[in-house]
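For reference, chains read A, B, C and D in written order, and residue numbers begin at 1 within each chain.
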């Protein structure tokens, strides 16, 4: 007698894989359509992307700070922060800089292009836990992109937060993103400070380092007010958030109330490819949003 | 470039392609014909306008020039300058074009007159030191290998057309060799330049149990010092290692350095 | 009668390497008719000096991309002869199989991609993809088979990796060999179809008597191993190659030239056919008959036909070799090499004719002096004189400039010259 | 657990019972330059090719559930639209015949991250679920330090584990599949004498390990020695060639590359096992490299295996099989690296 093995379908010891669609989730992506493209600067565009299947679209929800993997078949797949409001179902907004292979090709596509979307992945900014606090949103360069989702969350529940500041630094005025929304933000009683490294002939705002404005903002707070009532979100290049977090840390603001979003190379977004590991922590699972305390405990994070 | 194809709704060009050869064995061009299975697809994806080895028609209007071979004579310099002027993109095809290839072995004597006499006696003959084409013109892209790997060229051409970035592997041949479950040549007592040579050939030679000769040049940050140490430890004669290092010209900088520091 | 003509072909196309044709006719007299080789020399003979013997096959293979296998095998034979080694029967069979498949792939490339367009009135194989898709597919099928076998036996189709002094680094998979055997059997139909295609081509009725040089067959149609013979009755030993080639230089050529009993001689498929007809497989002889090719044939254009005939022969012989290899257990792949001071000569029939390598070694096996005589350089003088005669032939026949130019180009192409190889 | 005994000569019958399936087992790859036999896992069709008394294979058995190259999906394009197809690639169940404890445990470790954590990897899972594993006892080799890693015995992860006791096999039966298989052999229930033989054999094996790694408090020590000079010294030797990760039974990181066919009508997404020692492992858009120097990458490999994984799964991502050290041309071995790191900034 011989023993012929038969092919078993996939299941796993722990609960994770009980459902077939969870398994499929790994290489499965929602087919989506680029419904609109708005050029924002020379290098960045805002893409509105809609999941084609209406049920999938309705079921898709995310938290501010999470990201999706966007796939252009045959070209590449990469992680992007969702930059739209978490409460609005419909088109996701992704603000993408043409930086490499896939993003440059994306830059050449037009409305109607079909893409693949999977996610949402990763940790988020705990905006609900921040209710009641003054909110400090600090962005450098492309860092404004992941900040836009928490900004919208805060705006939609404006009454639940105290003072809200957005401090945003960019290289030059022409690099500023989402200019068309600044007035709207201000109308929601938000203090918007914008500073550039280098002005141009039309620029009338401040020129210099974002840290100056932050120092001023901290100084404006009276007594221990700042450290007891503030939650901060910092997004930007590593040098920037290094300096900024240092200043905030100095005020005594608890490190658990300062949040950053880190970027690493990712090939899966699902804690398998190891490309995003910091020290030995998966940015895609434990991040991209980390509190500052966790960052300090990650070797080679910054 | 003429646009004739689309991909994901994006217009992509069907480039006019020309092939040229300087001093070489013309093997790299032949490699392109050697992919019988996909040759016809290749021919329909690009428009070949000049290919002396295979066709009579020729044209001076082309988008991409593949240049095989190295420079060893004045007239080749002239031809190369013209190619650079006509082409949008110049691609160095194969190790001769990229590093000088085996042809640069004659440079090692530092005595062209001796070299000429050795082969032609007193008959006058025109030649100069073999040089990679990048010493004369700007090269947009290098495709390594002696010979080139035809699949690699095809991938590169597809990526060129799609406008995808062309990234050569940055890791050394060992990666590909291990992926093929080969026995390491060092286990067999043979030298191999796999640990320091840029991958992309799918460990062609080691998969046939021939130690790598380094035809694709050094991988970024190749640890040559350690490799020499490894060979030394295993009592592999330095001469055999040097023979390989200097064979295709990719390691010429390290060779010079070695000669200077160790008087080899 | 044609009175004047001025032909100046710079960098003849559809040949390997760089050569020019120049014909000037004034008042019905040929003023000048020349075949010039302008290829850049690469100095392989100098490169090899001082190198260990291990380098010889590897570097020599790079003399030519088309016949890299032939060069590699010639260099190996040279080293082995120099060291007094004899390859095992298994190694010899595998080498011959590899050699045959190089011959097949090179001949197919030549007859279909380089020569056939002339007979079909086009400039390259590209238009044929549309007009004669079956012909192109057939050529690709044959070439693919030959190259696939080269990959399996030699490690890769160009610049082989498994062929070393003493034998092979690795032996072909027997299962794969079995598969190849059936593919070889199946390809005979394609070869007959190739012959039928060639039957439809009109070959110029041009002849010039010359001497043909080849390896001497001893029972079989020779590719590796054997004395050197010519149709003028000369016979010499392999090591005596210098008296067979008699190289000299002239002002129009960066390649060396050769002569023997007459002012020039020819090597290649036609030369092998003319010298060793008796040893061809019967089917190959039948194909020759069908294509009106009989020894000794002096029409250089018929070299293309001889190539088709050889394709049939090498395929049949390869089937035999595979049968023999499959019928015995594999022995060791490689024998120990002990370097020895002395001189080695290796002659191998590559697609374009007889190829000689000669190496002189010191006691450690380092190369002291190298010499390579390439088939195309042996043919250059013959091509040169053919062109002269052809120019006169065209004058007599009253050919137009265009016709003369095409015939001259076809003539050179018929030799399938490997120019970069000849200059090396 | 159920234990059985059967005559060693019947291993061939066991093989024959399973021979309708594809069997993977240790085979000989020839001799190395010193005349030692080299082994690897490969398909075995003939029992006489199975080298059950093998020492250690060059490559691990992970390639049968985690291949070096894998097409994860294909796209076909029609007009401007496309269809994606995914094939997890479990086409044929496999029998892994003769795995040593370290290799069985390595699969258990891979299961933790690839199957039993969030986003399980179905490509791995599909193949992993379709394996019948027969373990086999081994003789500790000079490079082995599995004892230190706690992977020298098998508690789970196979169908059957065989320990050779003289002329007999002592079989641990881990699954009903294995139970039914053994029914076809001349088995007997082991008695007290057999148990004693078994105990003597494992004690003897335990005593024969020569290589060790001190893992106590290693996670903390690794953090303390993050800036240690020692890393730099190892980094200077490292060739950044990725060999260690390729032969390691527990390394699983990878890269994805998408390739379009020449007629632009089809594309594939290829997965290739990568290695954290490769220079561009942590390179991101814009060219910034988080680990540009060889020692930072080498250090990361140890961090992931001996710190991060321990934090996440309470065990190290290393079975102590010693393959990486054996294959590393620069002679970088886990026991030596860890000893040098523990020793602070002493010489590497």
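In this text, contacts are C-beta pairs under 8 Å (C-beta built on N, C-alpha and C of every residue); 3 or more make two chains touch, one makes a residue touch a chain.
Note that the structure is a prediction, hence the values are computed from the model and not measured.
**Student:** Among the other chains, which touch chain C and chain D together?
**Tutor:** Common neighbours, chain C/chain D: B.
**Student:** Using CA atoms only, can you tell me which chain is the most central one in this structure?
**Tutor:** Per-chain C-alpha centroids ranked by distance to the global centroid put B first.
**Student:** Using the average of all C-alpha atoms in each chain as its centre, how far is it in Å between chain A and chain B?
**Tutor:** Distance between chain centres, rounded to whole Å: 43 Å.
**Student:** Centroid of chain B to centroid of chain C, CA atoms only: how many Å?
**Tutor:** 26
**Student:** Can you give the whole-Å distance between the Cα centres of chain A and chain C?
**Tutor:** Distance between chain centres, rounded to whole Å: 66 Å.
**Student:** Between chain A and chain D, what is the gap in Å from one C-alpha centre to the other?
**Tutor:** 37
**Student:** Please set out, as single numbers or ranges, the residues of chain B touching at least two other chains.
**Tutor:** 7-9, 162, in rising order.
**Student:** Send over the residues of chain D in touch with two or more other chains.
**Tutor:** Each of 77, 80, 82, 259-260 in chain D touches at least two other chains.
**Student:** Could you please write down every pair of chains that are in touch?
**Tutor:** The complete list of chain pairs in contact reads A-B, A-D, B-C, B-D.
**Student:** Using the touch definition up top, name the residues of chain A that touch chain B in the complex.
**Tutor:** Within the complex, chain A contacts chain B at residues 72-76, 100-101, 104-105, 108-110, 112-114.
**Student:** Give every residue of chain C touching chain B within the complex, in rising order.
**Tutor:** 11, 13-17, 40-47, 49, 51-52, 54-55, 58-59, 62-66, 68, 109, 113-114, 117, 123-126, 129, 136, 140-141, 143-144, 147, 155-159, 161-162, 164, 169-170, 249, 254, 420-421
**Student:** Touching residues of chain D toward chain A in the complex: what are they?
**Tutor:** 16-21, 72-73, 75, 77, 80-82, 84, 86, 88, 90-93, 95, 111, 113-123, 125-126, 129-130, 132, 177, 180-181, 184, 223, 226, 252-256, 258-260, 267, 269, 274, 276, 281-286, 290-291, 296, 300, 303-304, 307-309, 311
**Student:** What residues of chain D sit close enough to touch chain B in their complex?
**Tutor:** Residue positions touching the partner: 29-30, 32-33, 38, 40, 58-59, 63, 68-69, 77, 80, 82, 236-243, 246-247, 259-264, 272-273, 275, 278-280, 294, 327, 329-330.
**Student:** Going by the contact rule set out above, which residues of chain B touch chain C in the complex?
**Tutor:** Residues in contact with chain C: 21-31, 33-34, 36-37, 39-40, 43, 48, 51-58, 72-73, 76, 101-103, 105-106, 109, 114-116, 118-121, 123, 125, 127, 130, 146-147, 204-205, 207-210, 213, 239-240, 243, 247.
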